[in-house]
Every structure is written in C-alpha cells, then in structure tokens.
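Each chain gets a letter, A, B, C, D and E, in the order it is written, and its residues are counted from 1.
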Amino acid sequence: MGKVHTLALFNNFEEAVRAIQELKGAHLPGFRIDDVVIKSPIDHPELSEMLGKRPVYVQLFTLAGAVLGGSVGFTLIASAQANFLLQIRGGRPVVPIPPDMVLTYELFILFGVLMTMLGCFIAWKLPGNRSTLYNTSISVDKIGILVRADPLVIPKINEIFARHQPLQIMGEHGR
Amino acid sequence: MKVRVKNCLIWLSIWVFSSAAMAEPFVQGGAIGSQTEDGFNALGPVVEQPIEFPHNTHAGQMGINCMYCHTYARRSGVSGIPRLDKCMGCHNLIESVKDRPRIKKLFEYWEKKEPIPWKKVHDLPDFVRFNHERHIQRFYFKEDRPVREVCGYCHGDIASMTTARRVKALSMGWCVSCHQKEHLESAGTTKTSNGPNDCWQCHK
Amino acid sequence: MIHTTDESDIEIERRFVPKAKDINEDIAWAQINKDVLRSMERPRLMYWVIFLASLALFSVGVYCEVYQYRNGLGAADLENPQVWGLYIATFIFWIGMSHSGTLLSAILHIMHADWRKPIYRFAEAMTTFSLMTAGLFVLVHLGRVWQFYYVVAYPNERWTWPNFNSPLVWDATAIGTYLTSSIVFLYFGMIPDLAICRDNAKGFRKKFYWFLSAGWQGTDRQWANFRVAYMTLACFLIPLAVSVHSIVASDFAVSQQPGWHITSFPPYFVAGALYSGCAAIITLFIILRYVFRFEAYMTMPILDKTCRLTFAIAMVWTYLNLIEYASAWYGNDEYAKQALIFRATGTYAPYWWAMNFLGSIVPFVLVFKSLRNHLPTMMVVSLLLNVGMWLERFMIITPTLAHGYYPWTWTGDWWPNWVQIGIVAGSFGWFSMLFMLFCKIFPAVSMYEVKEMVYHRFMASKARA
Amino acid sequence: MSNSNIDRRDFLRVLGISGAAATLAGCGNTSIESGAELVESYVQPEDFVVPGVGVFYASTCTQCGSGCGIMGRVREGRLLKLEGNPKSGISGGKICGLGQAGVQVHYNPDRLTTPMMREGETLKPVSWDKAMAVLTARLGSSSALSGDQIAVLTGEISGHQKVLLGLLLESFNSTNHVVYDALSPTIGRAACKAVLGVEQPVLQIDKARLILSFGNDFLGAGPSPVHMAAQYARFRKAPRGTLIQIEPRMTLTGANADRWYAIIPGTEGVFALGLAHSLLQHQEYAHAVSADIAEALKQYDKDTVSEITGVHADALSHIAGMLWERSPNLVLSGPAAEGHAHGFDNAAAILLLNLILDNRGKTLQGQASHPFPQLTPITGSTGALTRLNQAVTAGKCQALVVIGSNPVFTAPTFVPFANNLSKVPFKVAFVTQLDETARQCDLVLPLLSPMEDFGTHVAGYQPAGVDLMIQQPLMERLYPETRGLGDILLDLLKQRKPDAYKAFPDYYAYIKTAVTKAKPVFRTTSSDDNFWEDALRNGVLHLDGPPAALETHAAAVKVDKPRSVVTDVHYPFYFVPSVKADLRDGRHANLPWLQESPDPLTTIVWDSWVEIHPTTAAEMQIREGDILEVQSATGSVMAKAYLFPGIQPDTVSMPLGQGHTAYGRYADGMGVNTFKIFDPVFDEHTGELALYATRVIIKKTGEHANVVKDEGPTALQQGRKLVVTMAADQAQLAKEISRVTQ
Amino acid sequence: MSLSNLIKNWSSLRVKRPYEDQYKDKDYKWAMVIDLDACTGCNACTTACYAENNLPVVGREAFSKGQAMHWIRIERYWGEGEEMKGRFPDRGAQFLPMLCQQCESAPCEVVCPVGATHHTPDGLNSQVYNRCIGSRYCSANCPYKVRYFNWWQYPERAWPNPLELQLNPDVTVRSKGVMEKCTFCVQRLTEAKGRARTEGRRVADGEVVTACAQACPTSAITFGNLADDKSQVARTWERQQIKLASDRQEKDENLRGYRILEDLRTYPSIVYMERVRDSEA
C-alpha cells in the first residue's frame, strides 16, 4: 500500500470547506475523495454532498437485532412456558399471548438497542487502532482534514492546505 | 464505507454462540450442561456413622434385598432405618462374626435398649416431601424393575459402599429430569406416563 | 450576555427584548469546553453540602433497611391488607421521574427542538438514576430479598421459570430493558463529550475517558454513524418509555382491585410520569444552574420553555385524572365507586384533595410568565408538583388496599411508620448522591451539542442578517 | 386411622426413639444436607409404628367436664393434634377449639417441670424425693390430721381420681372434699331438681321444633358444647327448628337465634311467668298447673311483664303463640337467668313452662342412671369455697390439698381466700403449671399433663346411656420430673394403708384392675386383657340405659307478686359477665391458641373489654377503645370500651377469665380479672353466689387505646353478597343433601 | 423438551379455564360446602387449623396491627339495611367462615412473579413457600384477602420450647417474608391420594377431610371431591345448581347455595349455603 496520512487543522470551517473543494479539483494522482476524512468538534451533515457517498449500515444491525430479539424472545418465552413444570395459573392458557407480546415487545426493543450500539461500534471499526493523526484542539473548536494519499502527492496536498490558512499541518512521522 | 467483514463476523459469532448457549436450556429445560446423563452427579461428604455398616457385605456379597431391612420404604413416605431388633434377629444367630468390633457395638446398643443414632445421609430440605412408598410401588412392584436399579437411581450403587454416601445432587432439576420422562405404567404394558408435575406434589 | 436572576433583568427582558435568546450565539466554543469541564473539577462548598446531606439521608435509609431486613417486614408496620405501604408508591414515583430524560432528550431530539441541548444530559442522567432508585424499591419491598433472582428468567438447576403472566415480570423485563437502553442512550450521546474529557484529562482519568470515548476522533464517518445510531436509539426509547410506565400501570390495571382495574391507567401513568419528570427537571435545572454556575447554558428562556411544556403535560394529566374519576363515577362498578368515595371522604381524604390541588391547580402558576422566570418561585412550584405527584402514587396504593372488595379486611387508620419513611427518605439521598457523583465524573451539559446549537443559531442569524 | 391394640405403657417403654424429639420440621434446614440430622431409629417398636405415618390413639378430653372422646395423632413419638373420637357418643368425632388446645397444656412452655417448695417468700425447685418426703411427713402414715383438719380443694373431678381422693380423705376420717367451680351451675341444677326431680335433664335439642332459651348458652360455654352443637345442627335441618333467645347480653347461642330479645337482667322469671299466664289461656294447657298457681299467674299480664322486663308486650304474646303452635318445644334457663338473688325462682319459673307445654319425655329426659355412682362428678359450687374459707379463717384447716382449682384468681373480693391461705400451715398444690394459687402454697408437685396420664372420666352430662371415658397417654412424658396425680395419691394411700394397696404397683395397675373389674356391667365375654385393650382402643366404655323419668313439681315454682328489679342510683348499670367458651373461668388463659382465637361476637383477642350498647355509648360520648373504669361496690377494673349492639342498653358486659398475674407468659397481663368486682349477692334458695347480679358505674378515664380485634372498621357487608339470609319458609331444607341425619 | 412440547401441544396449551366439565374425566377436584345455617361461629375450625397447619400465634402486638395468621377466620356481620334499623340485632349475628376460596381462575395465581402460587391438577390454588419471594402481589390482588404474610420470623418466636414439638412434620414452618394461605390441608390430601393410588383406587368420599371440616362440631363444613359424582359435595353442588365454570348461576330461587363475589369471575371452589332465619319468630 504505502499510503501515508497528513492532517491539517483549520480555525475556520469555511476555509476547510474550500480546502476540500480545491483538493477535489486538483486531480491529484491516486487521490480519491474517499481518502479525505474530516475531523470536527460538531456534526456537519452539510458536508456529505461534497464528500461523496459514504453509506451508513447501522440500521441493518438495528433491524436484525430487533427482529431477532422479538422472534427468538417469543419462542424462548413460549417454550419456557410449555416446560414440564410450568403450571396453569389463574385459568389463563399456559401459553398466553398478551403477556408474551408484552415481553416480546420489550425484547424487541432491548435487542434493537443493543445491536444498534454494536453496529455503530463495528462501523467505527472497534476495537481497531485509531489514526495517530489527531489534535486535541479538534475536540474544542478546530476542523481537521485528514488525507490518506501516496507519499509522493503529500507535499502537493500540504501545499493546497497551506493556501487556506491552516493552523497546523501534521504528517505521519512528526511534524 | 467498507464494513470490516472480519470484525463483523467476530461480533456476530460471539452473539450467536452466546444466544445459542442461552437458548439451549430454554428449549431443553434446566441449567446449561445439566442435560447430560451424569449432569447431576454430586458426591456428598463422608458421613461418620456410629457403626460402620457394611452395605457391601449385606447388599453386595449376600445380595439381600434393600427392603428386607429398609422395610418401611414400601409403605411409608420415609424408608426408615431398620429397627434394632431386626439387626439382632439375624446377628443373634450368626455366631461366626459375634466377636467383630462392629457387631460388638451392635450388641452393646441392644443390651442398653438404646437406638443407634444413625445420621441422615440423604437429607432433603424440610420443605420437600419425597415419598418412598410411591416410587417403590410404581417401579419395584408395578413395573417390576430390579430393586438395586430402583433404589440405586437416587442412592447410587449402595452395594459397593460400606456406609452410604450421597452420589446424586438431589436437586430439584434432577427430580424433574426424571419426572418428565415417560415411564412404563406397569410391567407388560406399553402404556407410559410421567411423574406428577404439580409443585404441591413434592413441596409442602 | 449572561442572564441572572435579578428582578431588573427580568423587567428589561420583558419590556425591551421581544424574544429572549435561548443561548447567546456569540459564546466561544473554547469557553463552552472550559465552563463545562470546570464543573467537573474540584467542587464548590455547596456541592459538598448537598453531597454530604444526600449521603446522610442515604445512611438513614440503609439503617432502616437493615433493621427491616433483620426483623422482617413487620418492622415496617405493614399488615394485611396494607401489604405495600410506601414502597410501591415510591417505586412508581421514581419510575415516573425517569420519564423526563426520555421525553426531553428523545422526543425533542426527533423533533429537532434544539433548546433541549443544554439540559438533556442531566435529564438523561436523572432517568438512569431514578430507574436505579426505583429498582431498589423492588428489592426493598420483597419479603425475601435474598431470593430476588427467582424473578429472573435464567436457566437454573431447579428447572423453573418465573411466571411470565405476572405484570411484575413484565416490570422486571421492562425496567431492565429501559435501564439498559437509557444507559446506552446516555452513554452514546456522551461519547463526543467523553472525547473532550479524554483530551483534557490526565492520569487515571485520561485512561478512563479514553476507554469510554471508544476512539472518538470526530471524523465524518463517526459522525454519520453516530447521527443515525443516536436517532435510532431515540426512536426506540420513546415507545420503550411509554411501554415501561404502561406496564407499571398494568401492575394495577391488570389486577382486580377496585380503584386499580381501570382502562385509562396506562396513559394516566405515562402522563403522570412525564409530569413528575418535567417538574423534577425544573428542580434540578435550578439547582445545577446555581451549583455549577451554568447560567450561560441553562438560560431562563430554556427554563421558560420547560415550564410551558410542564404546564401542558399537567393539563394532560389533569384531564386523565378526571377521566379516571368520571369513569368510576358514571360506571356501573359499585366497588370502584365506593373506592373513589373512600378516597375523597375517608381516612386519606386530606391527601387526596392535596394531591388534586397540587397536581391540577398549582401548575397554573406556570401560566404567568413573570413567575416562570422567577427562580425561587419555580423551585417551590416544581417541588410542590413533585409532592403532588408522590401523593398521587400514595393515593393509588393505600386507599385501594384499605378499601378493597372485602369489607371485613378494610383498614381504618393505617399509616406508615418510621422505617418506611426512613427508607423513602433514603431513596432521595441515594438518588441525589448518584446524581452529584455523575456531575463530577461526566459533563452535565452536553458540550458538543451546545456547540452545535450555538453554531446553527449563529448561521441562522447570519443568514437572516 | 389404626388404633392401638397393645399395652400402651409397654409401647411407650420399648419405643426408644432417637432423633425425633430433636427435629423441628420445616425450620432451618433449607438445603441438601448430609450427616446433619439423625434418622428416627427404634429399638423394638410394634409393627404398626411406621416412621412417617401418623397413628391415632383414643383418649378423653379433660379441658372441661363434658368428657368428649378424643383421638391424638402421634407420629415419631410426638403428639401432633387432637381430633374428636367418632366412637364417643358425646363428641361424635367432633372437637371444639378448647379441646384442640389440649395439646398446648401438654406442650406449654410454662409447664412446671420439677417439684417446688416454699423457702421464705419464694418457691424453690427441689427433688422428688425431698418433695415426697415433705408430703408424706404431713400426709403420710405418721400424719395425725383427721376430720376437718385436712381439706382437698378441687375443681370438677370424676372417675378414679375422685375415688382415690375420697379414699385418701377417708383414711383421715374426713369427707372434706371441697369442689369449687367459679362458674357453678348449682342454682339451675337445684331448680331442675325441685321442678323436674333431676339435677341435670337431658336436652333433646334436635327433637324440638322451637327452643326458647333464657340466657342458656348451650352452644358456647354450656355443659357439653360439642354434643349440643351436633344436636343443634340436626335441629336446624328439616323440619327446621326455631330458636328464640331472651337474655341481657347476646351469647354465642343468642347470636344464632332466629329471634333475639334483650331483657333487663334478672327479670327472666317474670317473663317466663308472663308466658305461662299467656299459655294458660289455651284450653289444652289450662289444667297443667294447679288453680292457685293459675290464679297467681293472673298478675302477670303482658303489660306488667313488659314494663318490668323491658321486652315489648307484643313479643310476649307472639312467643306464647309460637310455643303453642310448635310442639314439641323446649324452654331452657341459663346462667344469665339463674345468677340472681331470686335466680332459683327464675329458673323454676322457666322450667314451669316446660311442664305446661308438656315437654317431659319429648324434649326433656332424665339421664340414665350410672352403674358406677362413685365415679360420677361432683358439681362444684362457690358455696363450697365460702365454707372452706370460713374453716380456714377459723384456723380449723391444718392441711390443704389444691388440685385443678385456682381460687386465688377466681374468688371474689369478699371471699378473701388468698389472704386466709397463710393461716393454713401446710398447703400443697398439684398442678401442671404454676398459677396464682399454687404460688401461695408450700409445696407444689408437677403433674403429668392429661396427654401423658391414665385416667377415667364420667361426664356430668350424659346425653344417651352412660359412658365411662378412658384417658390414656398419647406420648411419653416430656419431663422426667413429673408424675401422675393418681400415682401420688396411690403413694400416699400406701403410706396410710399399706395392706390395702400393695397389689397395685402404680396407678396404671390400679385403674386397669378397677376397669376390668367392671367388665360384668358391660356384659361382654371377652377376656380381661381384651376388654382392657378394647377400652383403650375405643377410649370409651358405653352402656345403653333407659332415660330416667322426670317428675313434675309445679308447686316448687314461687309465683309472687311481679317484682321489678330495684335500680341503684350509685351503680346504675347492670353488670353481666360473659363466659367465653374457651377461656371459661380463666383456667385456659395460658393457652396461646385460645388467646388468639377471637371472641366470636366481638372478635377481640388477648384482652378484656367492656361491651356497651351503642346508644348508651352515644349518650355518654364513649367511642370504641375509650378506656372505661367499671366500678362496683367491691372493686373496679379498667378496660377498653367496645360498642356492642347485642346488649340491653342499661347493661354492660365484660368477659371472665382474663387478668392473670402469675399464670405463664400467655396469660399474664392480658386484660383484667372481672371476678374481683362481683357484688356479694347470693341466691336466696341455694346460697350460691349470684354472678349476674352485680351493679356497676362506668367512668371514662379519658384514655384511649386501640381494641385488638379481627373486625375491621366496618361490621357491615357494604352491599356485598357475603352472608345471605333466606326466610325459613322459602328454603327447601328437606330436599338438601346432608350427612347429618335425624 | 420444552420446544417440542410447545409445538406438539400448542392447542392444549392455549386452553382457557375453567370450562364446563373440566374435571369430568379427572380423578380429583377438591371442593367445599359451608352451611351458614349450621355454622355457629364457635371458632373450633380456626383452632383446628392452627393445630394442623403450624400457624403461628402472633401475639397481641402483631394482632393489633392486623398481622394475624388465621387461614380460616370467622367473620361476624350485623346484617344490612332493615335489620340494622332496630336497636338490637334481632336476628342474631351473621357468621361467615372465610378461607381461601381455591378459585378456579384465581387472581393471585396470575400475578405472582415467580409462580409460587399456581393451580394444581386437583383444582387447588397452591402456595409453594420456598419459591415465594414475598412480593405480596397475590395478597394485594386477592378479592377475599385470605392470604397471610409472614411479617416476622415466627419460627423463632411463636413456638418456644417445647411447643415446637407439636408442629406437624408434614407442613413447612414458614419463615419471615413468605406468603401463606389455606391449602385445603393438602398434606392430608396428598397422603390419602398416595394411599389410594397404591391400592389402585380413587380416594373415597369422607376418607379425607380438612382439619376445619373434621373439627366442626355442627358439621357445617363439608369437604370432598367434586370430580366424584357420588360425593356429598358433588351432589350438593348439583342439587344447589352451582356450576363451577359459571360466573352467574341460574338457579331456583329457593336454593341456598351461592359463591362469594362470584361476579368477579374467580370461580371459587367453596359454595356457601345461605343462612336461614325464621321470619315468623
């Protein structure tokens, strides 16, 4: 692979946006927009158009969890009720539907929630290693643009960054 | 965005296996792992008795029917310990072993007309009612199974022990595991039924 | 501009500012971080006072519980048929309190009401801790608390299962689900903030926040997944919260007793839950604002909005409350009618009238804008509302048990004794102790969301300009 | 239910149980254990002794004098529960609460387990040898006491214990057997004797179509409540009999009446004579009494009677009409009518109605004559205690033996028996548990409980034929340091007359010999041993016998000018003590089951209370739970008020039997002793203490306490269909299925 | 094999009870008839129950707090309406022995979280002490309020030595925190059933009765097997036109049998016979 990262920090969100637009327009060899990662203190959904299609699969996990939780939950509860020792209570059927639906409903939600969290963690590639290119000021108010590219084009990228008043440009091996 | 398939698989397989492990007892009943034939083996402590009674001699070598001595088992909830005069009935006549220390002890109790303070080995909790009579009547008399098998299912192979020692868990799940099985109603028929599944049958 | 409680300021606001801003959009983002992180540092004296008072109260509860545990529940002067006393009443109260967080956070999140942002974090924490407190009451009221695990459906050597027909099992499941989900929701919404903490902490705390922040770096992919997941969680939490309190209501509505067997109980309980939760948010809002000097974030306009919401819910509750009376009154069930009359005229009548007054009349204070912006008044009113809501729960449990189907076993003058009162008081100590601890370990105001709020408002005002 | 057919004494000796006494089922052991407990193990038990299987042994209940046959369930050597013995004609397989509680006499934690001897102010435990030495020194062979110098004070006693006591006294040339019963039926019995010629007629309740009862609580604390209850059950089946009760305070029987009337206490006789007058208007009764009585009865017109008795005049003619309509019927007098200065006259007047209505032989019969009169009980009286008290005061009594009687507790204040006891140089008490009297004695010997001892009993009330009830041990003695009364008496007798009793090693041998000797009477051909074993197995020896004929002495009825009850300005309230069926005179107050068994009418437990009519209470502004002081001329007690509608408004009522000070943990400090406020009023005819003639004044103390009762804040059904009542003419009882047959 | 059981027996697991002839082919359905006209309120049944079932004597203090443990209690009512207008209770008191009604559709059974109370095949409403965790929900939901909770550790205080020797070894001594109630003397029933089973027959009528029925001096309490057509209880139910699975009996007016709070659809197993009073008296 041999690709390396570079990170530029911007004070101004508009400058950062312009930097990305310039990167897109620069037609650098081996550069794809997917290689650009924006690190920001708040969510910027407005950037999604510019960054191209970056799909989110969390919903699939949610769906799987909820359906599994509901159906398996009902089966388990009903079969536990049909267990040898389970007795008739209060004249109700041994496997009563309304109470089981209540419990199924709860399990549906519980596993939906748990799987959503799990799916999100998977999407975040946990427990994989994080990029070391990070600056604590990102969590305050700065915008970071992380680009993964061929080492040869890194200087060119940095040049583009430099045109947009970056606070700092960081490479993978020291500054 | 690329979902890392490997990560995904790891998480999902953990999920599926743990769910399956959780589900097994739901489907089968009981605790994880208790399904196996010997899932309930649990050796109890050694209980020191006033006289080290050799079951292996009586039931093992001589092959005496358990209920010859434990005579209450077929007509009472408790099987009971043999009464002292029962022991004496035979041992008064067996001259050959009269000088053995255990027999001497027996005679001492008899002389004093004092009951032997046997200790309970198979002691269920006080809220449990186990009825020997019903089990013996069903499996020994009606189903005509060998006495060692009938008694041994709960008490283990007593004929190989000296003083008795608990070998089964005697836990509720163990009782239930047998009650839910279909047993022949009596010898010579194919009709089966299982044990009662009513809580009050055993709990008092 | 930082809003203060000065009378003159209120005056000025009303006269000259046509619409007060929820938050000052000029506030520097670094300042936000600084203000919130400051609240997690070495506490003020006031913090210690509140914390130690809570601890003392909690110890009283623990003492009473130990006493009750040793002697049996007779020590709490419970009797046949007054079998539940304050325990279940307070249990419902705490479950009700837990609904505030969900309401503010999840519903308002889905509706993109961004004024929730500075206050939803502590509301969610309140949810979690009230649930934990409510869970304690489930244990406290058990005769054999050491056997509580019989309720849990897990494979065991007895081969037995709990009774899935029982509303208490639904309760256990629902509360377990709700507690899990609300912790997930609280934690999930906190991840970007935990990253901030991680970036600012040292030593052991850094490790702690490092672990909890789950590698958060604020990348666009993380944000995108976060956004979807958080929205999904919010969507799950709303029906869950409704179901939890409906199930608690089912404990009573499913049963047969007069005064309990009422169709409108589930919505009535949900409304009551939201109501008491909102009132509690007002209380905690005022306390946090004062203790942690969050005047810049927990602003008066936000309080104003919360109060208006509370009033709306109060009216919903009042309506459902009247429906309950009306259905007993016009219904054909003589037993229920007798139970209602007993509530209004019997031993516990003063409390019944007090509950109706506090729950339905006192909220009209919230109609007046000047009073809504007066913190001491709001503090008193919110506490009164909560007292009213606690009384509501008391009035559900005690009179019905005192006046059931069977006249021979009616009780004339049953009152809780010191053990019960001590344990109830201890639960408040336990709750506020947990809450105070939370505020020192986790950011009580969501930093990233306040930034978003400030950012969006700034952009909007720029666009307007 | 296998009954024993072996020698009971041998059985107990050879059983040799281990482990049984130590285990307490259900308590503690909650997990699988090994070696922690002992197995029940026997040496040489009988074949029917099977561990885990309960065996029933027949015996006789000694809780009251009814002589009900009981069965004790015994398992692993422990007595567990008592049931009625179906072979007993008296109990018919049923048992009352009081009888059930017999096991608690036996297992009472406050039982006396060793002999006690006075050392200065206190009683100290001593060995049996020492105790017997002291006893024989005073009452043994060397004793010089004779005649009135020695007295034996007992409660109602029958059977061979009574015989042995008599023989012991005889050896002192004494007949000083004082039988004291604080709730004595003496007056009523005297009236019966005078009018009907027998002291205790047999009541054929089930045969009556109408029962008119003047304060007779035959379902509660009557002479044979279990038997009467069974009779009552039959009485209520088709054709259903009607019960009318007239009394100042509602008793349990009154609570079951079809119609209940409140009457001013002491005026029952007037009402009865009013009824008699009314009845004589009918032709068929016109000649039932002599002309002069009929003439005298004319003074008892219904308005006069109504004014005196406080019962509405219409009620009188209505009842008279019903009595006339429904025959055979039965008119009963009870303690509430008899316990007055003119109690005898009241009872006689009431019995007169039976004569007029010709109930003799139909619903009233005489008892069959008993073949062993020496075994029949002596009826106790308070007069007996008064006479003993005089003897003691005069210093005549040198030695006093107290058995089954607690006069220190039950004697009213004007019989200062407790203070006089110190004048007796030697007082010995035979008890199972220390009570107030035993604590004042010099020597106290612990007896076997009735569940551990042999005995024979004859009931005072023999419903059909005659029974000799056998009492046998139901389990091995709990305490080695206790002995049977019979054994002690026999020991003393052996000292006094060694020759006569040397054939009997112990009381068991004595009783066995005595019972088998009676074999010819029972016309059986079985061997002596079989006869004895059968007696033990059945618990009863029954002999059919024709009921004795009743006589008619209408002249015994005194028909004076109608007298109204004099009111007392200082003590405006009539005081009616209520006798609880289970506490009786207080001797059972030490039994926790009975203390916790609610009083049927008020549902109050563990306490004394003052019953007062709600209207009276409203006038005096008394609420339930207000502590009232009830003061009579002789004393006062304080108790909580209970508003009770079933009481005559000028009357207050308090239960007897509570207020013990030294009778064990379950009795002490519970309620107050109402025996101590009785006025010294005596029946003019018999001289017996009139229990229902006390007048009191009620004062509010201003204090208040919750009444400990089972009843909730309401005693109404609040529209629920809980107890539904059907009019008798609607119910088709004859079509119902019933095990109770005529 | 719970899952296969579920699939195999789905339809039988979905049956609602009670239904007509539910016990027709069964061996046992224990039931009771209490004749209120015969009941005199003497409390013999209560004491018999204390003796048979190891009920603790709670003492004055606890009793005053409403913590009494009588499984069968005698209630005393003073009449309603007209009867109460007079100065005195002219028709006597109204006694009602109230014990667990062993409802066929018992409200208590549904709500127990751990299933400590359930319905036995004999139609009893059971209570398994060692399973009970003491949530007291059953008691709160019982319309008759006949469930009693162990508020104190009675084994330590109710039977000072040697009173404990009286305890029935067939009945558990309940510790604190456990709910208890009338069991219809199930220990007797189990013993009788076992004996009958060994002898290959059904328990005969009158062979086993509860302690209260056995003691009752007026035989007001009849206990028996409703599944046995010839038993006295079954015949009385039949004659009184009481149907087990009906919540509103259509019966002749002059029949005395009724069940208490039947309209709550609890389907009690105890039929009470109306008290009779002679209105002419």
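Side notes on the structure shown:
Please note the rule applied: contacts are C-beta pairs under 8 Å (C-beta built on N, C-alpha and C of every residue); 3 or more make two chains touch, one makes a residue touch a chain.
The shown structure was predicted, so the numbers you read here are calculated from the model rather than taken from an experiment.
Traced through touching neighbours, the fewest hops from chain D to chain E number 1.
Among the remaining chains, those touching chain A and also chain C are B, E. With steps allowed only between chains in touch, the distance from chain C over to chain D comes to 1. Among the other chains, D has the CA centre that is most remote from the centre of chain C.
Relative to the centroid of all protein Cα atoms, the closest per-chain Cα centroid is that of E. Two chains share more touching C-beta pairs than any other pair, namely D-E.
Most remote chain with respect to chain B, judged by CA-atom centres, is A. Look at where the CA atoms of chain B average out and do the same for chain E: the two points lie 35 Å apart. One finds 43 Å separating the Cα centroids of chain C and chain E. The distance from the centre of chain A to the centre of chain B, with each centre set as the mean of the Cα atoms, comes to 58 Å. Averaged C-alpha coordinates put the centre of chain B at 54 Å from the centre of chain C.
Residue numbers of chain E whose C-beta contacts span two or more other chains: 2-3, 68, 73, 75, 77, 107, 110, 112, 115, 118, 120, 130-131, 170-173, 261. Across the assembly, chain A contributes 54, 56, 79-81, 83-87, 89-90, 92, 121, 123, 126, 128 as residues in contact with two or more other chains. Among all residues of chain C, those that touch two or more other chains are 159-161, 163, 165-166, 169, 221, 405-406, 408-409, 411. Here, these are the chain pairs in contact: A-B, A-C, A-E, B-C, B-D, B-E, C-D, C-E, D-E. Only residues 14, 16-19, 25-45, 50-53 of chain D touch chain B when the two sit together in their complex.
Across the complex, chain C meets chain B through its residues 155-160, 221.
Looking at the complex, you find that chain C touches chain E at residues 71-74, 77-84, 141-145, 147-148, 150-151, 160-163, 165-169, 172, 251, 254-257, 401, 404-406, 408-409, 411, 414.
Partner chain E is touched in their complex by these residues of chain B: 26-29, 77, 125-127, 129, 131, 133-134, 137, 180, 196, 198-201, 203-204.
The touching residues of chain B, counted against chain D in their complex, run 44-45, 47-48, 72, 75-78, 80-81, 83-85, 109-110, 113-127, 165-166, 169-171, 204.
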